[in-house]
Every structure is written in C-alpha cells, then in structure tokens.
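What follows is a set of structures for review.
Look at the two complexes coming up: chain A is in both, with chain B in one and chain C in the other.
Let's look at the complex of A and B:
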C-alpha cells in the first residue's frame, strides 16, 4: 500500500459510511491508488516550461485590457499584467498597496461608529489638522495654528497633537496652548533654509492612524463592515482593537513575510497571483502558480524572477548569460574559473546536444569493452 | 487688443475682433475676399489667424444665417436641372469651405431640423464623415465600426481592373481580375467614384450554412462549378528587365543568345526559347530556370591579366531567367532606351491564376476568409428552385462580430438580382429592410431571405431553412501561389552555416525560441536536437588544454596547436554556432576550456 495517509483514511472513512464489503473496499483502494499513481508527474517532465507556457499564453490576452479598470470604488488598484509582473518580480512595495480590515461585530453597529473607526485608521498628519504653519523670521521659530473644526471633525484633542509633536521633535522646544503651538529650535542661529526644512518635517508629523494609509473606505457586506485602505501597514493594523485580526488582508507581500514569515508570504503570493488571474477570467491550474512561488520562496527570502533574483542564481554560466547581460556573466565567470556541467536546457540547445528532459533524460549504465580497457 | 496673423506672420492688431470677423466673413461670402481664405479666433490667447496657404484640409459646409440654411429648394431644383453649378453656390456664399482651424469657431448642425439661431453652418450630409473606401461599404450604418474599418482596408487589397490601360503598362506585381462586375448593392460613392469603370469584385450567390466542417474558423467553401465557369480568375503580371550597361573602356553588355564559349554558359536547353535577338518570343510558356533574356557582359577584371591569358575576351553570362518554381506566359516585350541612353529590354510575364484552396476572399464588411475546399457542383447543397450557391459561409462568423450589414447585403443583393435592378445601400440613406422584405415577398420568396435547401450529397432536405442571397465578393491579392514555401536543404549563411531566411531565396523556416520550448515541454529531446542539426559540425578538441585542435589532412593526423601532437585529440559534434561562441569568448580574452566526458 503506497497511498498517503490522508487518502488511506478517506477510503476507510467512506467505506465505513457507505458500509461496503471488504472486497469492495480493497477494490476502491486499488482504484484510488491507480488514480493516485496516474496523477504523479513522470520523471523528465518539463514542469518548469509547462508552467511558463501556462502563464505566457494567457497573459498575451491579458495585456489588451489592462488599463480599462473602471472602478466603482474611489480606489485605483493595479490589476492585470502590471500587477502580475509586480508580484513575480518581487518588488519591495506594490504600486498600489491595499489592506482590508474587517471590523468586529460589536464595533460595527452603526454607520457613525464605523466612520469614526475608519477616520481613526486613516493616517492624519500635522499638516492635515493645522490651519497654517508659519515661520517667524524674527524670532526664528515656527508657529502652528490648529484647525479647530477639523480637529473636532476628526475627534482629536489639541493636547494629543501637542504631545505628539513633543515626542516626535525631541531636539526642539515646544511651547503653546490649545490653539497655537510654537516650535523653536534649541540651537540658536539656525539658517532660514534649515528652519524651512524643519517646517516641512513638522507637516509630516504623524498624529493619528496607521502610517501609510492614505485613504479609507468602509464597505458594508452581509457579514458586517470592512474597511478598505489604500496603503498598507500590517504591523499597526494588528494592534487595532476593533479589527478582527484573523481576517486582515494585505497585498504587500514583503510585509506579510516580515510579520508571518516565509510560509505566510508564499500563501500571500499564491493568493495575489490567483486573484489577478481570476479577475481577468483566466484559469491557470493553481499547481503552476505554486511551483513558481515555491521557487521564489524556497531560500527563505522572497526572490523575484529577475536577473538579480532566481534567474541570476542559476548554476549554469551559459544559462545565465542567455537571459540578460551576457558579457557581465561571462566575464565574472571567467574571473573565478567557473565550470558549467551543461545540466539544463539552454546550454544543451546552444551546444546542439540532447536536452536532459523527456527522451533525453535516461542514460545507459553499462561498461563497454574499450571502457574497461581504459581503466 | 487682438493680435492678427496672416499666414503665420504678424501683421497688426485690432480693438474689435468680433466686428472684424463679421466683416471678413461677409466679404468672403460676397466674393470680395477669396474663398480660399480661412480665419480663426483663439479666444484664450486673443489672437486671430488668417490663412490662405495651401496644404490645409478643407471641407464644404452650407452657410446658415439666423437659423436658416442658405441652400434653398430652388437651389436644389436648379442643380438638378443643371442650370446652376456647384461653383456658383460657392461664389454666392451658399457653400463655404472651412479648414480645421476655422471649424473651432463654427457651430455645425447635422440636420436641417435641428437648426437653431446659434448655428453657423449645416452639414451637407452626415455621409461626409466617411472616407472614400468606407463609403463604398453598403449599409455600413448597420455594421460595427471596427469591422467597417477592416472592410474598407480589404477593399484596397481587392483585385479588379486597376487601370484601363493595364495591357500597355509595366507595373510591378499587379493582379487583374477576369470578368469583374458592378456591385448589385451600390452606394452613392459607386456613382461618384465611377466604380463601374474599375470594378473590384463579383456578385455571387452565398449561403450561410456549415459544410462538412470545412468552413470552420472563417474558412469558405467554394463551388467548383463556379470556378470552372470563371469565378475569381485573375492574371498576375510581373515585369523583368535587362539593361545593356556600359563599362569602362568602351565595353558594353549585349543582349543575344550567348555563345558556348561564354563563361558561365548554362545548357542549350535553357536558351531554347530565345529568338535571334536574344529575347524570348511573346506568347512563350516559360517555367523554372528558363532564360527569358539572353545577355553577355564583358569580363569583370581587365588589366595585366590580358598579357598572360589567351582567352581574354571571354565574356560573362548574365542572362535574366526565372527562379525555381516560377512559371508563366510571356505577355509583352518592350525595347527602349533609359535615361542614360542604354538599350533596355523589358518583358512582362503573365501568370493565370485560377481560384485554388488557400486564396483569400472577403466581403465588403470585414468578413475575410480563406478557401478551404472546392466542392464539385453535384455535391453542393441546392435550393428548392434549383439555385446552387457559389460560396458557403459559416454562420459562426456573424454573432460575435455583429456585421449586420453583411446579412442585409445578402438579401438586398437577392432582391436586386430578382428584380433586375441595383439596390441602394448608401449609409444612413439606404433602402430599408422593410422595403427589401416587401420586394422579396413580391418576387415570391420568403421575406426573411431563407429558402428550403437540399443536401447535395444525400439529396435530403435540410431541417433548417438556409439564408441565401447574392453578394459582392472580393478576391484579395494574397494568394497561396505567392506564399507557398517549403525547403529540405538549400542555401546556408556563410557566417553561421545556418539556413538563410526568406521565401524568395529558398530559405528555411525558423524554429524559434517559443517553438523550441514546445519541443522541450513535450519531452521530445531527440527531435529537438534533430531540428537544430542544421549547422552541426565535427570539431577536434585537445583534451589537454580543452581548445579546438587541428586535423592535418596530408598526414592524416590531428594535433593541437598549443600542446603538439602527443596529446589526446577527440572528435566532438556540436553546433557551428557554438564554435563561433567559443571564438567570440576567446576574443574577449576568456579561455573556454572544453572538458570532454563520455556520452554514455
């Protein structure tokens, strides 16, 4: 019996359920085994190229309708081929980071409640709540006038803003009350241009919300409210009380990798790639995607399919040189005296030798008379 | 203050731009200022441009004043009677030519009913938006725009009679259709364009049905009987020419039957068709490598050579002949002189082209297809009244492309053929579907254009009624005879030793990168190797240093230029391109050492 345990257990379970005889059970097991053996990929099957073709062929159709994304929501999301390229190139940040936060039931009773939470999640900077930020040239300080209406709207206490500035700008003197805050550099004789830089920096002070989340959009569905965020910050999202932590989704793969490790990242890439293809109405067997993602993540780090990623790490010099920047690869190889054992496809095509796949894989293990003589 | 420019040149300013425009417009309409003058006021920058230069695209529009068209019933009546001409309307300021810039200041109405006080111009007809070729498509307001574009593009590729004097001309690679016809469904443009003077297609009976699966994927099935009756026959003309060039030292080429002494003499047989003057006779059937113009040239190098060689005056053969696979009939010969005063022999070859499997056809609605089968007339389906279609078109080509005009043309053509009159299919202004239905019914046919059909093979009646009618079909200039190509062995490139490219030179068909991937994906490793064997070579490799060794054919011994003859030198089989790669690496100062191992 070579069946894996879970299949074996299933046979046992169903034979009990449908009360079949032992003979029938044995026959079932035999047939399951037969199917199982058939489903195995035979040695020498070019799975990599089949995967590449499975992606390559439908993606030629993909290109046509990339930029015609008519979104109902206000959020623009990269889809189609650009997104697919982004995923497989393993870019550090997606061009449109996005996060979905599902609210717990007790926090999503009324729309006002949800809106309040959404505003809390959205990143608020000092520049957003200040009515004006001016430089007083004579006194060499910066005066910040807070927008009371905005603050009330966002439900932020002026005190909180003040405290934030104090913690963020440690090297500065911060004075002031509810309406205006005055920042003064501790050092005297600062150049005006430096004060100006300081002003720009002050504008960017993070007051509240998740860093990087520029837009929020609460969406209602049958299970309650979900907040769609443009911008992603998984680390801070996990600390939110109101959010169901198990269902947080982000399209930033590196963030997932940082927090949940490489296995999480693997799942995230599979999910993202499948989503893109599904949106475009293209069906690719998930095993192709899994193979690709396994190759990308097998070292423990996410590596893109680029010349700096996994393609650049191919063993064969010729294979690397065939892909991109051939001279660089050849010269570097010659500097350390690299050896190419001609084990994969391209090298053998270049040399016009049979490729070690399919019919070209099996070899003959035998000693001929003259071989014995040689020894 | 408005700046004024005349023909892109600054000429002055005005305080009252509006009055100026009014005045200029009135004077142009009166004929005081030339009709070629156009002007335009850029309100954003407050600049006025007057233009009288050539090269501007202009179009005529009817002038509207106070919400009323200046073109009256009386004008139209007079135009019909021929008492006045177009020029008079322009002169009288009824019609104005507007250029692209002036159009920006105009408010043009599409129809007279929609005219308001603000309108400045009225479109003569909404048809003006279409170009020449798209106006030739009948019922094109019932056609998807993308297909209309394709349809008019293919009209340009159709073969017909391109010029009435084609028999006297020496054009390169032209086609002429035999028995061309006027279309049964016409548009207004057919009259203007005088398309009956250079027609481009034929009216045929077309049935919308499948035939044994031979019309899948836009393929079309054709009645062999129609072909034998002359449907879509054409001639292909190809010119050849030979010039008697003059060389240094007063030497000249000579058109003649080459002597046997001439260098590069072919066989006697190749010259058999030449007449005394060295030119093949008109009407000769020539093929393959037959010489059509015999020519000899003086030797290529003259000089010191002469003193030693007795046979100095041996001339070179430089005849014009057909390449392999070509055939045809010599249609016309022409003896003339060119600009340099050299004698010029021109010769035109005619190839009769009978419709064959692989030729491309199209209707005027962007519905193109390739002939996939010629069916003997007895096997063609036939209608209850005995009509056998010339062409069977797949109904699957219709729904996704939404070329309704194609369907309408079929019934329109049918009514036209039955009534013996041309049907007007002018865009926006055609005979309505209702009228066509009425006319068909009057003729005793089903008004939806379908008919009872019988299978030509079994004789049984089809369950479905078949949509059948007449249609104007175009033979396009892409014919298999021009494209068919195959090669086993042949010429190779000097550098790479791989087969050369291109049909005209008998080149190979490239097995590209993606095709290679397919072989690999199938695991057909050995087949792939065989495909790439076109440039395989045997190389001697020194096993000591791993570099390419030399074989001395005098001594029958191989040796390494670096390690001498006392090393083991083995023979390997690789692609010649790989040898080139090794050489290139060497030139980069990289030492590509080959380590040989056993194959098995």
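Let's look at the complex of A and C:
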C-alpha cells in the first residue's frame, strides 16, 4: 500500500460513512491508488516550464497599480503585479511593510483596552510628544517642551521620556523636569549647524512602541481583534505580552527568514504569493508556487529569480547568457575559460540539439560484442 | 529560552528533526543521490537552535502541505 496518508484516511472515512464491505473498500483503495499513480508527474516532465507558463498568462491580468487603499483602512498596500515581482525577486524590504498581530482573548475584551494596546504598539518618537523643540543660540543648548495633553492621551510619563533621552544620547548632558527637558552637548564650541543636526536627531528619539510601525489599526473579526500595522518589526513584536505569538504575520520575508529560519520563510512566501493572486481573483495551482519557492530557498538563503539570484547561479554559461546581459556573461566565461557541459535545456536549444526532457532524457546503453566476450 | 520556544511553535515553522546516520543513508539511497545534492539549511538557522547539529547532518522537515496533508522534506546542514 503506497497511498499517501491523507488519501488513505479519506478512503477509511468514506467507507465508514457509506458502510461498504471490506471487499468494496479494498477495491476503492485500489482504484484510488491507480488514479493517484496516474496523476504523478513522470520523470523528464518540464515542470519548470509549465510553472512559468502558469504564472505568465494570468499575471497579465494583475493590476499594475502600485498602491491601493485596502478597504476601510487608510494604509497603503502594494498589491498585484508589483507585489508579485517584489516577492519573487526577493527584494530585501517590501515597499509597504505590514504586520498582523492577533490579540490574546483576555486582552481584547473592550474596545478601550484594544485601543490602548494599539497605541502602545505604534511607534512614538520624541517629536510626537514634544510641543516644541527650540535651540537656544546663546546658551548653545536645546530645549524640549513636552506636550502634556499628548502624553496623557498616550499614557506616557514624562519621567519615562526623560530616561529614554538619557539612555539614547549618552554624549549629552540632560537636565530638566516634568515640563521641559534641556539637552546640552558636553563639548563646548559646537557649531550651530551641529547643534541643529542634534535637534533633528533628538526628534527621532524612540520613546515607545515597535520601531518602524508608523500606523496601527485594530480590526475586529469573529475571533477577536487583530491589529494591522503599517511597518514591520517581527523581533520586537514577539516580545509583546498581549499578542498571540504563534500567529504573528509579516509580509517582510527576510525578517521571517532571520527570525524563523528558511523553512518559515518558505511558508511565508507561499502564503504571500497565494494571497496576492487570490486578492486579484486569479487561481494558480499551489504546486507551481511551491516549486518556485523550493527553488528559491534551496541554498538555505532566499534567492530571487534575478540574474543576481538563482538565474545567476546556473552552472551553464549559455543558460546564464540567455537570461540577461548575454555579452557580459560570454566575455567573462571566455576570459577564465569556463566549461559548459550542456546538461540543461536552454543551452541545447541554442545549439540545436535534443534537450534532456521527456523522451530526450534517457540515454541508450548498449552492450558491444567485446563486452559480452569479457563476461 | 523563552524565545526559542516561540520559534518552534509559530505557525510558519514546521517541525525539524535530525536524522541519525542510518536514516540519512536510507534517504540518500531512496533518492539515489549524494548528500551534496540535497537542498541546504544553514547551521545557524534559527529553527535549528533547539537541535544540536553539525555540518553534513540531514534534517527532516515535516511540512504541512496543502496538497498531500503532510510531507517530508530533507535539507543538509551547511556552513552558514
């Protein structure tokens, strides 16, 4: 019995449901197995080309717009073809990073509670809670007046802001109380332009929240609250007490790879790609996506389908030259005397030879008369 | 320790199991390949933090597959 487990289970389930005899069940299993064996891809089948075609045709129907407003939210999301290209080219950062954090049930009882958590997740910078930040030219220092109303709204203590400035700016003298904080460079005779730079730097001091998360939006669904974040910071999100850690999702594939490893990244790419296609009402069999992703993650790193990624790592010179920048590849190869064993498809097409696919794959082994004599 | 636990538990991360030397040979024989031909996983991969691995070990990954329920995949540990 070589039937995969899930098919085997299904046969068991349905034979119980329709109360068939053991003999009939055996026959069912046999027929299922027959179908299963027939559905298998035979050796030499050009699955890569089938995948390419399966992606190529429907992708002409994807939207070309880069941005789109996702329903009720005001957050921008890259969708359609630009996003698909982003995923398969394995760009280091998505153009619109996004994160979904599902709240634990005990933290999502009231809307106030949820809003509070959302505000805690959103990144707050010093510039956001300061009423004004001014440079005192005569004393060569910077005065930060805190916005009390804002602080109360966000439930941040002035002391916390003060401590944060002290830890973030070690080279400075920090003085002040609840209302205003004065920061002064330790070394004297600083140019005004340098103090100005310092002021700009002070504005960016991170006070609270996840770094990089610029917008938050709590969304309610049947299973409770989910907080959608514009901007992604998986590492810090995992430290949040209120969030279901097992289901945190981000669209930043490299971040997933860094924190969850290559297999996590593989799964994330499949989900992202499927989501993009599904949103556009296009159905591509998941096997095609899985094949593509398995190739992308084969080396243990994520490699995009670009000339610096997997295509650039092909063994054959001619195959690489067929993709992009042919002259460069051919010149480099001839300079170092590279060898091409013509093991794959494209190079053989170029040289007008049978390709190693389908019936072109198996070679012929024959016994010569000499060999027979040896035996 | 806390963080390691979450990594293993996340929905995106399938179970990683280190194969013994015998199991490894069995897999290689089954597919008629050498371990160099297997897909790779780096030895500093976060998913391997819980398991002790050395270069050349074969890791079996139990994936949840949308097509056949559960599938097994193999990766060989390489220097990352």
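Convention: the second predicted complex is superposed on the first by the 328 of 375 C-alpha atoms of A that agree within 3 Å, B and C clash if a C-alpha of one lies under 4 Å from a C-alpha of the other, contacts with A are read in each partner's own complex, and residues count from 1 in each chain.
Here, a residue touches a chain if its C-beta (ideal position, glycine included) is under 8 Å from a C-beta of that chain, and two chains touch if they have at least 3 such contacts.
Predicted model only: the values in this text are computed from it and were never measured.
When both complexes are overlaid on chain A, chain B and chain C end up sitting side by side without clashing. In the superposed model, A:370 makes contact with neither chain B nor chain C. By the touch criterion defined above, A:22 reaches neither chain B nor chain C. In the superposition on chain A, contact of A:248 is made with chain C only, not with chain B.
Of the two partner chains placed around the shared chain by superposition, neither chain B nor chain C is touched by A:221. In the superposition on chain A, contact of A:50 is made with chain B only, not with chain C. Contacts of A:352 after superposition: chain B is touched, whereas chain C is not reached. Superposition on chain A places chain B within reach of chain C only down to 22 Å, the least C-alpha distance between them. Considering their complex, residues 516-518, 520-526, 528-529, 532-533, 535-536, 573-575, 577-578, 581, 585, 588, 590-591, 595, 598, 600 of chain B touch chain A.
Of all the residues in chain C, the ones that touch chain A in their complex are 3, 6-7, 9-14, 16, 39-42, 45-48, 61, 63, 65-70, 75, 78, 80. Against chain B, the residues of chain A that register as touching in their complex are 44-46, 49-50, 52-53, 327, 330-331, 334, 339, 345, 349-361, 363-364, 366, 371. Those residues of chain A whose C-beta lies close enough to touch chain C in the complex are 4-7, 9, 238, 245-248, 256, 258-264, 267-268, 271, 286-287, 290, 294, 297-301.
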